[in-house]
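In what comes next, chain A is part of two complexes: it sits with chain B in the first one and with chain C in the second one.
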Partner chain A sequence: MGLDLDLTAPDLTLAWPQLIVFVMTVVLLFADAFVPKAQHFATLTGISLVGYIGAAFALVTQSGQNAATFDGAFRADGLTVFLSLIILVAAVATVVISASYLQNGEQQLGSDGRLRIANSVPAGEFYVLIGFSVFGAMLVAAAGNLIVLYIGIELSALATYVLTAFAKRRLTSVEGAMKYFLLGLFASAILLYGMTWIYGVTGSMDLDRIAAHLAGTDAGDGFTDPALLLGLLLLVVGIGFKMAAVPFHFWTPDAYDGAPTPVTAFMSVVPKAAAFAAAIRLFVQALEPLSDQWTTLWAVLALVTMVFGNVVAIAQRNVKRMLAYSSIAHTGYIMVGLAAYTSGGTIDDPSISSLLFYILAYTFMNIGAFAVITYLQQRGVGMMLEDFNGLASTRPLIAVAMTLFMASLMGVPPLLGFYAKYYVIVAAIDADLLWLAVTIVVASAVSAFFYLRIVAVMYFNQPDGRPLALPTRLLSGGIGVLAVATLLLGLFSSPIIDLADQWSGALTVLGRTAGQ
Partner chain B sequence: MADLLFLIPLIPLVASAVVLLFGRTVLGDRSAILSTAAVAVSWLLSVVVAVDIYRSEEAIAQTLFRWIPSGDFDVRVNLYADQLTAVMLLVVSTVGLLVHVYSIGYMRGDPGLYRFFAYLPLFVFSMLMLVLADNFLVMYVFWEAVGLCSYLLISYYFRRRSANNAAKKAFIVNRVGDLGFGLGIMFVFWTFGTVNFFGETGVFERVGEAGSTTITVIALLLFLGAMGKSAQFPLHTWLPDAMEGPTPVSALIHAATMVTAGIYLVARAQSIFLASETAMLIVASIGAFTAFMAATIALTQNDIKRVVAYSTLSQLGYMTLALGTGAWMAAIFHLVTHAFFKGLLFLGAGSVIHGMHDQQDIRAMGGLKKYMPVTYWTFLAAALANAGIIPLAGYWSKDEIILGAWISDYQPIGQIVSIVAIVSAFLTALYMFRLVFVVFHGRERFDPAVVHPHESPRVMTLPLVALAIPTVLIGFIGAPPEHGLYHRFVEPVFYDVEAEEAEAATYVVAQEGDPAPAGEAATAADAAGGDHSDGAYLPHEPSTAQIVSFGVISTVAAVGGLVLAWLIYFRGAISPVELGQRFRRLYDISYHKWYFDELYDGLIVRPLRSSAIFLWRVVDIDVIDAMVNGVAGGLAAVSQRLRQVQTGLVANYALAIALGMVVLVGVYLTAFSSLFR
Partner chain C sequence: MLDVGLDHFLFLSAILFIIGMMGVLIRRNLIVIFMCVELMTNAVNLSLVAFAWNLNSIDGQAFALFIIAVAAAEAVVGLAIIIALSRRAHTINVDEVRTLRN
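On to the complex of A and B.
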């Protein structure tokens, strides 16, 4: 394999959506410095929303394409579009739910019974960091080689580390960020080390060329080259960390708990989506010939993650920590989609499309749940279970929305979360992983305890006379939209799953034809 | 037009959702206007759709979305409107609209108003979806949804214990029927591999593929569902109790629409029922028995709404017996006329109750004619129609049922049920006019110092008048008998017109005395009509003599009942008390509703209750709860333990990641690589 440089100019039109987000971020940097104080906040929020929505439109015009540029390092295929759309939805939702937080800062109930601002947050930097993180995650979704993939992951993660520490006067925020950062570096090193092994064995950074090389090396005795296997395992550890899979999840509760709540909402979705994008690119596209090895591995990790996440969530009384463990559990459910991949996947293989649909569903219901906490936290309450006491009588619509999110996370039909689990379970059964399907059902039953506990507290306990959260229009509207999406997208899920099917199918088919 | 079909159910649904969310806080009394307006739009669209179908003589279909894509089990939510659906749409939306208008007045000032006006359009939505469904599963969903709305509305006055009990009774008795319906659908899917009604692959086209036992089982299971919803013996006991709900609810749900869902189901699935003579026999017998039994009970009840409720049961029995004798069009015709006159009877009864300050006992009424003239005249019209007095609505449809049963292919059962129907018609006139005379004529038996009877407000009398018009006139869509506008409209649904023409051709050819082509034509007729060899799908043409003589017979029966009621309750020529004493046994049976409630209580409720207590105290608490609590306690303990893994020290976390990696690498390199080979 010689040095085959492609000297044609890169086709930048394929990268429009990503470039829009990048340019938006740079504009935000300047706007932060120059826009006068009076319009400062509204302008920045507006620029962010316009940027993300514009990027989403640019993405939609790209759907159906299946192209690559920068010598294959950047891909514009169905997977890019689907994952980037999820990431942008999460970005828009984050901007909407964090607006009032940014205006008012984090407030705490003082000993004299008055609220005072504990942490004010500079909106400009917040939006810029969100922008970079989104850009990085979109880059992962579009990555065609190991370097781009790694840069995307790091870009996304570095911005998130800083965001975690944004409530800088609160110690837990700084502590969570520190842990997240240190462990993140540790995991990145492992990931990078795995990539070097893969490069060393296959001699290529390009995902399709790696697949092509591997397809020709199977000795046929059922055993794999140890160097290759080591590379694969290191990748699993690195990606597993980014996903928050057990036992690489330890940063999650501390970071989720410490970060400002809108940031928690963001980091529970976007870096996770980026990690799964990386997993699909790395394993399904590049290491497809080794799928017998990695599917078992993901299946075992999925089992451990689901069980651990759900069981430990029971013991949490801090709702943010509870949702952190719940997000670990959901990582487990999503991983089942990866584990259910059957080698030589065809368009009919439902595994990857079920995974994609799950991430989409998870985006809506999880950000929704965090949005409700943000809503309560406006007034210095909202982290602990007791803060939900009697919410149904003081803020009935918010209580209904929270109930919807909890029921959806639990998987109650006909909500979005039910359909997400349903498709994943079908994929698992199709792949003869009946034990994994059963585990999902049992784990969901366990999860009913801590999800319904919040509902019970909201409806059956008396409000205890704490200061009421003030309704803020943008946030309430955002919660409303997320709740409606949670209610309706499940019922009308078949067109979405069809799209996911086409796009993930296109990916695997493309991967194979390119590999031949 | 097909593109707008979905709006018909959607608009009431939206209204219901809006009222449910904002009714208590924002809308208040405006909820009533919003819901009524929504149903009015639905009604308008239904009329447009019906006219469209009438003009084009073709069914309208609209594909909405794929609901369950799961391997072979592919269920879509489609809307389908043919002539039968159009008739149902008109009935549901018309009566629905008038009941909404009436309720604005009837429910005024009720603190739970918004709940009422959230559930009522929800019911209209569910009922419209039920008749628009083009497969069994979607129909089943909305079958349950109307049941839910019925439950919610019966227990609307939830502070009243009896209302809660009635709601539970309705729900539980319907469970028996719905279980049958559910099993029937599973059988259908098992047999045909689909739950869709129509098309080449649909169930109705392929009935011939199944064995006769299978089809009989399917038909009987479906009919069990119909028996629950349409309150046929022995699942009839819930309907009279359901009168605990507000009167407009009784009019809309428990008289005009929901209870006819069972009739609609059997009519829709006619090809399944036609394929099984056993099923038809059972349907006809149960219908006839219900018609007769309910009529006898209605004779002695003293609660005005209960009399009307038993009358509903009896009329539903008429429809069922018509279905069982293959008189499909007559059954649906009676459904239509009954919806109007029975809706009117209930609304009239509601008006009486309203004017009498919530008094429902007819023994405390009397002489109300002069206080509430509008209510009286409209009630009288409905009573005449219900009694089947020519030329009001009920006469045409009831007469057609009696005649249809007499000349049907299913003999001797057809003639037996026909006679039962005539006897019941006599009883119908008797109990209807007992009610009219006791309530509106005679001595005023209330205390004028306490009760001041008054006519209801305009918003309530207007729907009465509006319903009185179809009550008087709607029968004429079925006149002349068997050849009315109604028959020409609905015919394509029930009878294969092509096969009929082929039959006619056979007849002509046979007349010309050439047997060979006649045979061919007959085969053609069979091929077009499916596997029914005896031509049961063709309408029997009654002769003019039959039409006239049956018209006379049913008129005599009805007028006879009327005259007897007049003699007893108006003239006082015969003392009702003495009659009751003379026929003590019969009176008791009727008064105690044939002891069905007591029978079920002894046979089912009590044994179930004691076994439930056993299961609860012993099996549940000592065994299952102990197990579940043990598991839960164990999980909580494990959770507390595992929680401590989260030490908060970064070094520990890094160690855990490293250990995890070492384990993974160790296991995998040993087991799957060629390293140690």
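On to the complex of A and C.
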């Protein structure tokens, strides 16, 4: 047995942002137990926000770096920074919008027309689980080998399963969690089996070494190796489950519908971002020499996902379910970025940067939409279209914010969502995938129906006079900030896309040099 | 004497994986589905260790240890969710729990 173990001390300075989130989560665990009840909520919220913002600053100082430590298992490169920042934005937004939910509990409209608390939620555990999930997702973004990738995905997912079941007295919450859990586990097993075959064929867990090995094998037999293709297929299925791509999406509507709404906002972004991080690391970095095969697979999946998500969303009268299908559709749009990757990965290849920008845009508009639902749920459980009746006359600002989020999800020009779709379409056309670009446009036109239906209900129907609990300032402020970001960030999209371009460019260039 | 090689391990693990997969798709009892997923995970462990043995590398064995640890954590979360569900719905049959269908 000749084992060459190179034992050098890891450079922990590269892992600062992730360590800050981890330490913050542990501090939260202790604070939950020891902080007196009067300051409990404010202290825990404060610790969370300070932790995430501190980690974001630590990340910004790392930008432009391209380093690895822990024998290549942990990477601090552009992709890590960009995706981790998106994840941290989502984490801060979740903490802000869940404040009123955590303080008031889940409201239920009693038969006497009064609101009562149906499910009170322990704030400490909520924040701790969010913290672990964020930490796991950041690990995926920073993963340099298959083990770290898997541990990150599982850590992120396990915490989310628990969060889904958080309103444990409500059957739908537990039922959604059960489906999410079982299918998530099933997907993990498939993903693992795929990783095993890749490891067995290439003989390495390290992503760069896998790429080097694949680039080194003779193009003739290396690419037709059935074991390799089996591994590739299993990876696509496993990751497809995690990112809720059709036909691996069955858990999505039930889990999104059942989970407490702030959790839905969180899980529609962070585990999805983690899944796309895993996809970029696995496919673009490690399996780059096989890109001809996997781009075709992703292109077909993207087409099916976009069409299915948008068509089924039309039939939904439950707004949370509607947004669940809409998030499936958006997974399809994001996947186009992956499908548009052109082999060889030149610096000008806009595919991966368009994908990264789309996840950023999706974070703002989707969490915003769910924040408005959180706001409305203060008038009792049950989130039907009718609950939006006449919102424009009772809460005009919230109605404006919701209109902005819906228009942005649809892709109306000056808003963030339009720019995101624009870059993805450009990437698709650059990659000669004109049919995918056309599908995006048609699917967006179809989606106008169900997005605008909410806007119409808000502005044209009469309010039904049901009580609305007072929201916290944090929630209202959070909705405001997200709405402004959705409105303005699109106008500043070119510096962001340049940044994403540089970072993903660095990634692919690295992959090629490792291959030589 | 039959020489046991990599292929035997891979076949065994593939068979275990498929049995587990069929179990997840066919069985309706939550506990049994959960056991079948564990079977799939252990099939993966077997092939990982076999590959590691064949490649003379330690990575696969280390990965298998990590997977076992993660599976333990999954059991904790999974059984907790199943208990919470059986308290609410008084059943652990997947087909009988479908309040969320529209």
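By our rule, the second predicted complex is superposed on the first by the 503 of 516 C-alpha atoms of A that agree within 3 Å, B and C clash if a C-alpha of one lies under 4 Å from a C-alpha of the other, contacts with A are read in each partner's own complex, and residues count from 1 in each chain.
In this section, a residue touches a chain if its C-beta (ideal position, glycine included) is under 8 Å from a C-beta of that chain, and two chains touch if they have at least 3 such contacts.
Only a predicted model underlies this, so the values are computations on that prediction, with no experimental measurement involved.
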First, second, both or neither for A:Y199, with chain B first and chain C second: second
Partner chain in contact with A:W251 - chain B first, chain C second, else both or neither: first
First (chain B), second (chain C), both or neither touched by A:V50: neither
Chain B versus chain C as contact partner of A:L397, first or second or both or neither: first
Touching partner for A:V26 - first (chain B), second (chain C), both, neither: neither
Partner chain in contact with A:L434 - chain B first, chain C second, else both or neither: neither
Partner chain in contact with A:N318 - chain B first, chain C second, else both or neither: second
Which of chain B and chain C A:D225 touches, first, second, both or neither: first
Touched partner set for A:L182, first chain B, second chain C, both or neither: both
Chain B and chain C contact sites that coincide on chain A, given as residue numbers: 178, 182, 186, 190, 253-254, 316
Contacting residues of chain B [partner chain A, same complex]: 21, 65-67, 69-70, 632, 635-636, 638-640, 642-643, 646, 648, 650, 652-654, 656-657, 659-661, 664-665, 668-669, 672-675, 677
Contacting residues of chain A [partner chain C, same complex]: 1-3, 5, 146-147, 150-151, 154, 158, 161-162, 165, 168-172, 174-178, 181-182, 185-186, 188-190, 192-193, 195-197, 199-200, 203-205, 253-254, 257-258, 316, 318, 321
Touching residues on chain A, where the partner in the complex is chain B: 178-179, 182-183, 186-187, 190, 219, 221-226, 229-230, 233-234, 236-237, 241, 247-248, 250-251, 253-254, 293, 297, 308, 311-316, 397, 426, 446, 449, 491-492, 494-495, 497
Chain A contact footprint on chain C (complex, rising order): 10, 17, 20, 24, 30, 33-34, 37, 40-41, 43-44, 47-48, 51, 54-60, 62-63, 66-67, 70, 73-74, 77-78, 80-82, 84-85, 88-89, 97-100, 102
